[in-house]
Amino acid sequence: MNQWHQMTWEEVSLLVSSGIDSAILPVGATEQHGPHLGCGMDSEIAHQLAEKVAEQTQVALLPTLPYGCSIGHSKRWPGTIALQPKTLIDVVKDIGDWVHDSGFKRLFILNSHVSNFAPLRCALEILRAEHDGFMVALINSASVSERVKARHFEDAEDWHANEAETSLMMAVAPQLVREDKLQDSDDPDRTEDSVFSHPVNRTSLNGVTGSPSLATLERGTELFDWMVEDLSKVVKKGMAETAPLDYGYFDKTNL
Amino acid sequence: MNQWHQMTWEEVSLLVSSGIDSAILPVGATEQHGPHLGCGMDSEIAHQLAEKVAEQTQVALLPTLPYGCSIGHSKRWPGTIALQPKTLIDVVKDIGDWVHDSGFKRLFILNSHVSNFAPLRCALEILRAEHDGFMVALINSASVSERVKARHFEDAEDWHANEAETSLMMAVAPQLVREDKLQDSDDPDRTEDSVFSHPVNRTSLNGVTGSPSLATLERGTELFDWMVEDLSKVVKKGMAETAPLDYGYFDKTNL
Amino acid sequence: MNQWHQMTWEEVSLLVSSGIDSAILPVGATEQHGPHLGCGMDSEIAHQLAEKVAEQTQVALLPTLPYGCSIGHSKRWPGTIALQPKTLIDVVKDIGDWVHDSGFKRLFILNSHVSNFAPLRCALEILRAEHDGFMVALINSASVSERVKARHFEDAEDWHANEAETSLMMAVAPQLVREDKLQDSDDPDRTEDSVFSHPVNRTSLNGVTGSPSLATLERGTELFDWMVEDLSKVVKKGMAETAPLDYGYFDKTNL
Amino acid sequence: MNQWHQMTWEEVSLLVSSGIDSAILPVGATEQHGPHLGCGMDSEIAHQLAEKVAEQTQVALLPTLPYGCSIGHSKRWPGTIALQPKTLIDVVKDIGDWVHDSGFKRLFILNSHVSNFAPLRCALEILRAEHDGFMVALINSASVSERVKARHFEDAEDWHANEAETSLMMAVAPQLVREDKLQDSDDPDRTEDSVFSHPVNRTSLNGVTGSPSLATLERGTELFDWMVEDLSKVVKKGMAETAPLDYGYFDKTNL
Amino acid sequence: MNQWHQMTWEEVSLLVSSGIDSAILPVGATEQHGPHLGCGMDSEIAHQLAEKVAEQTQVALLPTLPYGCSIGHSKRWPGTIALQPKTLIDVVKDIGDWVHDSGFKRLFILNSHVSNFAPLRCALEILRAEHDGFMVALINSASVSERVKARHFEDAEDWHANEAETSLMMAVAPQLVREDKLQDSDDPDRTEDSVFSHPVNRTSLNGVTGSPSLATLERGTELFDWMVEDLSKVVKKGMAETAPLDYGYFDKTNL
Amino acid sequence: MNQWHQMTWEEVSLLVSSGIDSAILPVGATEQHGPHLGCGMDSEIAHQLAEKVAEQTQVALLPTLPYGCSIGHSKRWPGTIALQPKTLIDVVKDIGDWVHDSGFKRLFILNSHVSNFAPLRCALEILRAEHDGFMVALINSASVSERVKARHFEDAEDWHANEAETSLMMAVAPQLVREDKLQDSDDPDRTEDSVFSHPVNRTSLNGVTGSPSLATLERGTELFDWMVEDLSKVVKKGMAETAPLDYGYFDKTNL
């Protein structure tokens, strides 16, 4: 596997010249995940998923960013450590600049915390507008495929620390799971009819949305396998992708 | 209709004390829309849709923001005037602060340009984290309901200046439509299989994605009527909505 | 008229190649204007004046920015929606960048809210320092000529929502005028001897400075005609202007 | 004289409790001033003028900020050291915050470089909106009175390093004057008919606008005396000024 | 060990109420470390050191920030992924805000990349000025004690990827060490007499400063043990520390 | 002496072409210095030291920045006027940009306030990463040599307004010294064992750390002479320094 963390600069250089010009950046979060899951759940899944995918695809694996934009989780529960949206934009913009300048042409941002999506998308917009031809993909871990998405949304539309996430942790990071809390941690989705985007303090009693009590190791193992398999496909596809058209960002059209 | 633009400060005050504590902010864009549509298409639809909805719901109608985050459209075609993502975040954050301080409790952000979504979501995150209890909704005009969404995505997944938008302009702003260009403006969606988010210079030959040649006044009128009807329902629902739970953003939970 | 909003990108391109490389950006504000005028007064005058001038000069008419820097109006009266000074700088900087990159060489910023002047001037400074040869003019609508200026300052030095503004609205946007409030809305200028720049909460009882009771439709029509005529002259002059000297911003002088 | 630089914190505290709650902040610039004047001309006049005025009024004299917003002077002539507009805003905002928190109620910003005005005004706007009741005045040294203004504009409308400035330096800082260059340094005002705000590289051949050859020590002495006398009057007036009305920035009006 | 990553919000809450109100934040970097070390060296040592210290002291262990301010390493060698100084300030400011709001009173920032020090110190300054009584310590891993410092500076004053770092990686992360490169990776310190802070492209041929060829597993093990032992002492001391005086940041002194 | 303040742009230009491509920027602070010293102590020493050094070395002497990052001094004592860390970074970044663009290749930043160091170092990092080959040195006045450092740290590790500073002021700026306060101003260093960086409100009773009662004119004169002599040596050395290697910041290495 091509872990950026472990590679020397010569190895980074050789990787690019060998034809692997793709890197994957896992972006997680540190935030409360109910009474039964560790605060690092999002980072854990981003990290482990990216690692497996990097193994299967040979993309360079960047270090996981363990802090995300979790300000929507409010100050109600200790444990949440959040970046402001503009801070996260700047972080990923800076990272992208240097990935590009290290010779890479493709950056896969793997995001495991839904509310990171907007700032990450902003970073993507900025990166592709400054580095002509730099290809950036933004992929939510829970949406890498239809089957993965379906599993995540099974017990709640606005899911958080739910069955899917709990099962995943049982499978890949049991040290983050409090088995004795599972039966009492379910909290229903109160947002299904909501027009407004209420912060979590106004939607959940304990930080959970969904039914962690339904979680099983088997379901977690299966789901994680799907995620690895389906994201690997996406990444492999991306590694061979060229832009549909070859006009530069700054080239004026002719009338 | 309660146009903020036309209301005096006394009328704004009276509106709030009469029980209307909701405002709608239309956010458009100024960007190329192919050879057949004016650059103000997005602002036009945001403005007209919000106006009709304000008529039907009595929410206060804020002035339309006519500039959005269109940097993804590249410098290839003249006419695009884009705000940087962080600029748009700041603008809507500032607007939200003052709407809140004018006594309003609910802000509907009506967005008609897809790429505005991420910065607007960032602004929403910031607003709800600073003003405890301020309810903010972010709604894309093309996704106000299933039928509206279906119509927009009919001729292209990555639609832009397509049949739906062209039909809408025929119905509500024919001065933006160049009828003589319609037959030659179709450009296929080249992004359906894309892993990466390519900027428009690499996906479209003329700035269009979709089939404006299929546009008709009738379809536009029907679609616009749906949008007004369906968004009005959403807004009315929001005007009566309370948050599922009543815990403040800064209130610590008890163990 | 060359409304940017209505023009396609081809038309924008053709306009420039036809020799019109000038655009006008109306900047208004959304802020309390006393008990007798709508909060959109500033945007209305900026928009209508620019529109008429664009008609007479053929400059490209950019969409009106309806939010300005009104923080000096305080939180005393609802209805004011203000951008922070640095936000307004960024907005106009971004707009200017893209106007320039669309091929334009001249940008007229038409400002109708006095307190926008400082941030707009900052934006002008930045734009001309980054785009060598890009010509930017910043013009206050109330100061387009001596006669226009005289009329605005007739009833108050620190005028706001005064006779001139009220008369103008009677002439061009009567829907913003509350005729029944006119007699009771006069508030004297308390700032004439002031050394300090006090915010409006400390200078006006009702948000007005001046004598709206003196407003008449006739005076408004006359004043608006002057503004159109006089600003058109300025703009036409600008369209033919070249810089006095031809040395670039980055060219070092020779000793 | 109450030089902040020389006062201990106890003396600052005693000054405020003795009833002097006013401070003056001189803001200069470091920028080319033609072949005959030192680059520090603006800082020199701000400093010396403020010092004399502080002597006569007992206001606390803050250290002179010797860098301003001179980006309009371009890179054409070495010697200009400019702050970006937003940097200057931040600097003066920070200074104002701490002046306020040291117990002062009145801040006179004395500006000697015209292009500082816009960022300084932005800082003023921000300060008065954050610190309710903090009174801030922004005064250009060349406009402290009609007679002072008249003298500055005598030889050029867009004057720079002209007769007035040269005479002033002869009187108060002869080490900045190159007598042997005076006869060859005149450069006419080429901007009188300009619609656009051209940067100095496009308006002056040598960085001067005006007629330094007309400068004399006598005129400088007289002018400086006027400036001291007239600004002292303004400052004394300000030291006794109260805001016209006593409503707070955050207090809502009653309907 | 109290890994924030693994703790639920209840456990975080209980930790604080049990009397552990201290957290440690490891800050690393991703940057070239010569031909013989992986780019993640700094993050690795920060992470492992903090982990051991957390074990021994029970402080809460925050997730390691794996990106730092490495812009001084230039674009010469691929592999460096750097945050801008202001970005790093913002990241650590945001993290500190939420650590504080989770109930913690003490934050140990453990920094393993020298050039992170300045932005981290800026963040410390901001945090202690906003959160009265929040105690923040900034500790460089290579300077936790005299003996640790001595070892790091043994082969070079401006050491980087040197004997000490290489030995450490042999001991705790051999997967980052390329044994076959060690003999050829030494590069002398060329900066000992330097007045200026030259970027690494101007001081090192291969990204190294020092003598990695001297590295041994034994030395690494010994050094790491020292670091754990000595930092644990510091942290334990800090956990019992109170500020020398009890006056608040915002409390004015009495004369 | 080459005072930037006094030089015309021609003289600046001639200085550079004569081979002096070095400038020195004194950065001070305005902050409480106990009951016995004026708030401008730091600016005074930076200014006077730089002036003497400029005399002896012919480097261009930039105007002293009299405001620094003193937020650690808290709001406890009036008189402190502080810039936020990011503001100071921006100021020095802007200054450095223009010094570079005036033709200078070497910038000595002379800092006299310890807490300025971190933001100044950030500015240095940014400057050298943007202007390839621009050499920047950051020097604390109290650390220009071992003997100077020893004297400053003689009576306190965390010294402030101590014997050394007081003696210096006696020697070079007696108007800042209150002789009658010296005997009662000593305050011990309470931070020697501190793990955390406490703000001054929690470490000093009167803003002093050290023993100003020990100050004498003789010691001040001697110390100042040392500082001038030792810093002049450093600067002269820097004026002749070339970077150890000649590879550009943006040049990629070859494998």
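The first chain written gets the first letter, and so on, giving A, B, C, D, E and F; residue counts start at 1 in each chain.
The rule is simple: a residue touches a chain if its C-beta (ideal position, glycine included) is under 8 Å from a C-beta of that chain, and two chains touch if they have at least 3 such contacts.
Source: prediction; values computed, not measured.
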Chain C and chain B - chains in contact with each: A, D
Same vs different contact residues, chain A with chain E, by half of numbers used: same
Duplicate of the B-C contact set - from A-E, B-D or C-F, the pair where over half of the pairs recur: A-E
Geometric centre distance via CA averages, chain E-chain C, whole Å: 53
Chain E and chain F, separation of their C-alpha mean positions in angstrom: 27
Separation of mean Cα positions, chain E and chain D [Å, integer]: 46
In chain E, residues with contacts to at least two other chains: 10, 13, 75, 77-78, 84, 86
Arrangement of touching chains [line / ring / star / complete / other]: other
Interchain contacts, given as pairs of chains that touch: A-B, A-C, A-E, A-F, B-C, B-D, B-E, C-D, C-F, D-E, D-F, E-F
Interfacial residue positions of chain E with respect to chain A in the complex: 3-10, 12-13, 16, 30, 32-40, 43-44, 62-67, 75, 77-84, 86-87, 90-91, 94-95, 98-99, 101-103, 175-176, 178, 181, 207
Of chain B, residues touching chain E in the complex: 255
Of all residues in chain A, those that touch chain F in their complex: 10, 13-14, 17
Partner chain B, residues of chain A touching it in the complex: 69, 71-72, 74-78, 84-86, 89, 106, 108, 115, 117-119, 121-122, 124-126, 128-129, 135-138, 190-191, 193-199, 201-205, 234-235, 237-238, 241, 243-253
